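Input: a single structure, listed below in structure tokens.
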Amino acid sequence: MSQERRTLRHAYGFEDVALVPGNITINPLQTDIDFDLGDLHFDTPVLASAIDAVVDVNFAIAMSKFGGLAVLNLEGLQTRYENADEHLIEIASASDDQVTPLMQKLYSQPIKENLVGDRIRAIKDGGGICAVSITPALTKQLYPIAVEAGMDVLVVQSTVTSARHVSKSEKGLVFSELREWVSVPIIVGNCVTYSAARALMETGITAVLVGVGPGAACTSREVLGVGVPQATATMDCAAARDDYFRDTGRYVPIITDGGIRAGGDICKSFACGADAVMLGSIMVQTAEAPGRGSHWGMANPHPGLPRGVRVKVNQNSTLEQTLFGPASVTDGTQNLMGALRTSMGVCGAHTLKEFRQIEMIIAPSIKTEGKQLQRAQGKS
Amino acid sequence: MSQERRTLRHAYGFEDVALVPGNITINPLQTDIDFDLGDLHFDTPVLASAIDAVVDVNFAIAMSKFGGLAVLNLEGLQTRYENADEHLIEIASASDDQVTPLMQKLYSQPIKENLVGDRIRAIKDGGGICAVSITPALTKQLYPIAVEAGMDVLVVQSTVTSARHVSKSEKGLVFSELREWVSVPIIVGNCVTYSAARALMETGITAVLVGVGPGAACTSREVLGVGVPQATATMDCAAARDDYFRDTGRYVPIITDGGIRAGGDICKSFACGADAVMLGSIMVQTAEAPGRGSHWGMANPHPGLPRGVRVKVNQNSTLEQTLFGPASVTDGTQNLMGALRTSMGVCGAHTLKEFRQIEMIIAPSIKTEGKQLQRAQGKS
Amino acid sequence: MSQERRTLRHAYGFEDVALVPGNITINPLQTDIDFDLGDLHFDTPVLASAIDAVVDVNFAIAMSKFGGLAVLNLEGLQTRYENADEHLIEIASASDDQVTPLMQKLYSQPIKENLVGDRIRAIKDGGGICAVSITPALTKQLYPIAVEAGMDVLVVQSTVTSARHVSKSEKGLVFSELREWVSVPIIVGNCVTYSAARALMETGITAVLVGVGPGAACTSREVLGVGVPQATATMDCAAARDDYFRDTGRYVPIITDGGIRAGGDICKSFACGADAVMLGSIMVQTAEAPGRGSHWGMANPHPGLPRGVRVKVNQNSTLEQTLFGPASVTDGTQNLMGALRTSMGVCGAHTLKEFRQIEMIIAPSIKTEGKQLQRAQGKS
Amino acid sequence: MSQERRTLRHAYGFEDVALVPGNITINPLQTDIDFDLGDLHFDTPVLASAIDAVVDVNFAIAMSKFGGLAVLNLEGLQTRYENADEHLIEIASASDDQVTPLMQKLYSQPIKENLVGDRIRAIKDGGGICAVSITPALTKQLYPIAVEAGMDVLVVQSTVTSARHVSKSEKGLVFSELREWVSVPIIVGNCVTYSAARALMETGITAVLVGVGPGAACTSREVLGVGVPQATATMDCAAARDDYFRDTGRYVPIITDGGIRAGGDICKSFACGADAVMLGSIMVQTAEAPGRGSHWGMANPHPGLPRGVRVKVNQNSTLEQTLFGPASVTDGTQNLMGALRTSMGVCGAHTLKEFRQIEMIIAPSIKTEGKQLQRAQGKS
């Protein structure tokens, strides 16, 4: 008799945990939040997601100006259409019923290799650091063009990317080979477990993206049943990074991607062990983002098994205000770096490394009935 | 002093768990999802529920064409009325207040034995594999007619079916006897525990249906207080199957029945140990289903203690699109087999047997406040 | 250093648990559900709550006819007003803002001792078994009148009643003394813990009421912070009963009072160990109840610290249909005894004593998103 | 391999716990609820929060009359504007979009030192005990004025206040020095952990405020990710107080501040170990509060990183009715001291010290579906 042989582990999302203030407090102005990726140094530990609603040439240039890094999707509308903007407008104004078929149609146009080079050069010409994203399946085809055009960072990304992809019909991308071919930093993802993250690190790549399922526009949980809440995923992959560093002396940063709704979640990402965060839906709210207040995930236009929803947000901030304030709203979507420094201050952490040592608790952010009622009244 | 002598075990539904991606990934096209039931082989490991809103003669034929198996309810409208369709329309258009008494009236008509034979022969004539469902109480009366008409699979099903039914007034159905009388595969259910599943297996029947309480149209939890969430029920019954196989060498597949809202739940069913899934509410959404967008459970028309609700869904897909895509929605109700293969791929499982070995976590699918808000905005 | 010195125990309500079907099933007609209270025998193990919206003379007579027991509140409207009905109508039709002050006013009228006797005699004359409820503070004053008028059962009840009440200004009611003075069965409550139940049992009283906080019209949790969910409370007090029986040979039944929304909760009450259940809000739904579809708790009209809300329900059933069916709704509020017998049948229990041995699990009855959505669609 | 190296502790809010009735009950009139702060004695263990919507000169005088203590915010509108009332009206009538920028503007006016003295003297002249609140950053500047004007209690308060604040640019406030300079009781906060509370106690201050994140108008959890639910925070800080008292013989009371919606939460605060409670949103509901039914937190007008929301409540009670009843509502917001005494009575506690020894359980106050439905019906 062996009933319920499997015991299942509890996993936690950012909404399930909270940070505990420290025994000392620190002046927020004296906290350090820098982020290093290979030889590149960033004052702002934030990447903008490789989604069409967030990153185009102008956005990438602006993001570099503010010390962060934007990732351009090389398989999105920007490389399929000379004038991508008109199709972004089309998507933003489509009805809910029509938007998925419309996206399936728009993304079925072939990628134009000349546009790949053009977009990269435009970012470089504008003074930006240029990161581009390719799926594993198209990496071998597109990376040489990107190298030639001068990309600074290569992101290889799909819903789930593992160190070893098994297929009889095609020879999969081998990251240790890619590492030989490309000299710029390579970021690979997404993964969510200790072992998968460690396996990717052992291929020699530069950094790892963490997150399967939590994004605002993602429906992997509903469609595939797959996903790990981000607090647990980040803690597990951070443990892999620390163990790998202890064993090899090489430090492979991890970047939390998805599930971040507000400044509080950014703070929790770093407290869970992230070296940087990748932001999608929050970035769509900036005036610089080309999405016109709509966004959607990379798997949303999939021809056979679309996963995701188009999400609409208010475009009520600038990129500068979103990153550095001053905030004019109190929901935590503006002055994200100010929030991070303040949170580090009240938790007594000078550096992001110290911030990882603070206590966290399981404390679901479900509001009390009274709180909700009062707020609802406040809205009327 | 012995306070709270009973310690209660936690049970989990599909909505409480999530699948964890693997260390390797696999090309979805190279996954195996076949299902064997006795000598019958199915390419598609899906059964359509024995409910009147889903299965009639035409639906059964279509389901066979797509590699799955539909179960015709021999105690439903199809065997009580020559023209069942007019009553299906009647139910679909009744008001909420009137629908339960209407169903109680419609289902109080006697079963016509000639219709039992007619329906089975019509399915066979149409080229379908014919599975029929009977309750334990009527099995002795109806199975000979079904055998004579050529049924391929016998399903004996009630809310809870055990290997031993105690009654002074009637001699209950004995499954080991039924096994002697009938040569086609016998599926029996429903059950939810290790011991009840194992006891059924020991009677010699062919497969076991798992699920009490979770169906979309079921109110057993409210009315009887009885039910076990499906992830735990499937894992427990799968353990019984594996132990029984180890002890006897005979493999008795288990079929998860109920609680499946979308592709993600199908993936979780198999990861929990199912050999096949039985689908009700998702099937109602296909153009081939006779329910006109309404469905209800088998216990709903009960004369004295009706249990269930009539549920309305959108009929917005074909059976082919539901099973194999391409999907035009992103809520996981279309391209179910594509979703299963993709999920196996990202979890690194070539076969359903390997898929049962992957890690699962407890990770309630409650959306974050921000996610819900944004999606709500997206709807407006 | 001794952080968090207190570890808190988890407590569960009926909505948190579910019953697990058994390895055998039993014909529901062959289950036993009788209930003994002292020398009184009841075919139906149900008491109707001592609340004005449920029990008046006619209701008490009807309840006896159906094998159960209704409790008349001797401190309610029936003993303050000759024509209580007009005030019941007044409360049912008051606005939400005005209803609490109105009740405070109506219940500030003095109790008329002649009405106490009249009501009891009317029940007896109608052929009913007469149970009456008094608070501990008024017990010494009112019980002699009730004895003289012929009451069959005395219920001494307040929000929380303990075996020892400490007060400098008044000599509290001593239950061992009351036991000497009164020969009919005495039911005392409410309590929720092993030790409090056991202490009450040791005073010699006949039965114990279990439940603080869970009632539909109760706000003790909000106002006083006090309450124990009913599944845990019932299990704990049942353990006290069993241990007290083992130690003394005297069996003191426990009656679960409050938190019962539907038949499923009744089934869970008995599976948790109850000997009988006391029903309030479900009883208000019967045509025989004088509440006109409104009800409220005993602490609601409290002059200084009212606790409770007026709750409105549909009055859509008869007492017979509620207890024995046939049901015309599927939410579990009709055919309660049929539901109990069916639940015992699927769990394999012949008697209520066997029913207490079945397995229960922790399985919150939170519906899946899909289920809720579909049902919502079904309602429109 | 060291997956998930951190194990996280579960923390609980008042909504997650409930009080368990005792084995004896006590006459509520014979309970003691006094509170001592240094040499000051209070009959009512309640402080009114230092927020502009609650405390002005008149409110402070009224609060003293009823045996409690109101805290005047020395950095709010009262010390920036001669006629603060007109700006309170302005805030109350601003739209949701405009209220945060408006507050940022109003609170950017300089503090007028003459008003600091005037307000304090007005409270003293009115016969009130005068407590004032200053942030750590302005304490050195403002406390001498307050001392001179005759303040009775000094509260040094910010979102998180620690015994040691690290800053290169400024010499932080040292509480052991402040203790030398000021002879009146000093209350410091807020903190939420055993170690932080103990560190504050060791500086010699008089009492500690407990609570980060739970307030009705607070968004620290969303913006900073920081916060500890109040039941756990209060229990932990109470343990620090008890251990510090055992080790040193000095008793430093703790005051629970935030997360209190109703009388039940006050009862839970004391059962968790509080010596007094600080109330904000409940106090706004009194006719004496100057907020016109709106309130907001101290961090809401922050120029760079505003945290909080303006909350609207009904102003439907007097201060006397709120504290001592009689209540005309049943949601637990009136007759708070009556509720506390009644709760102590049913739990068998004569004193607040005994009340801390009672059993508490984890019992989320999520209502059952039926309860919610019925109440919703009752509202219509």
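Per-chain residue numbering starts at 1, and chain names A, B, C and D are given in the order in which the chains are listed.
We take it that a contact is a pair of C-beta atoms (placed from the backbone, for glycine too) under 8 Å apart; a residue touches a chain by one contact, two chains touch by 3 or more.
Because the structure is predicted, anything quoted here is derived from the model rather than measured.
S.K.: Which neighbours does subunit A have in common with subunit B?
M.R.: Touching subunit A and subunit B alike: no chains returned.
S.K.: For copies subunit A and subunit D, work out whether under half or over half of the interface numbers are shared, and give different or same accordingly.
M.R.: Different-residue interface.
S.K.: Once you find the CA centre of subunit B and the CA centre of subunit C, what distance in Å lies between them?
M.R.: 39
S.K.: So the centre of each chain is just the mean of its C-alpha atoms; given that, what is the distance between subunit A and subunit C in Å?
M.R.: 55
S.K.: Please output the residue numbers of subunit C that touch at least 2 other chains, ranges allowed.
M.R.: In subunit C, the residues touching two or more other chains are 9, 14, 193, 195, 232, 262, 365.
S.K.: Considering only which chains touch which, how would you classify the arrangement: line, ring, star, complete or other?
M.R.: Drawn as a graph, the chains make one closed cycle, so a ring.
S.K.: Give the pairs of chains that touch; include all such pairs.
M.R.: After working through each pair, the chains in contact turn out to be A-B, A-D, B-C, C-D.
S.K.: Where on subunit D does subunit C make contact in their complex?
M.R.: Those in contact with subunit C are residues 9, 12, 14, 17-27, 29-30, 193-195, 232, 235-236, 239, 243, 262-268, 271, 325-332, 335, 338-339, 342-343, 346-348, 350, 359-363, 365, 368-371, 374-375, 377-380.
S.K.: Note which residues of subunit D are touching subunit A in the complex, please.
M.R.: Subunit D reaches subunit A through residues 1-6, 8-11, 13-15, 96, 100-101, 104, 159-170, 191-193, 195-196, 199, 212-213, 216, 219, 221-229, 232, 259, 261-262, 281, 294, 300, 303-314, 365.
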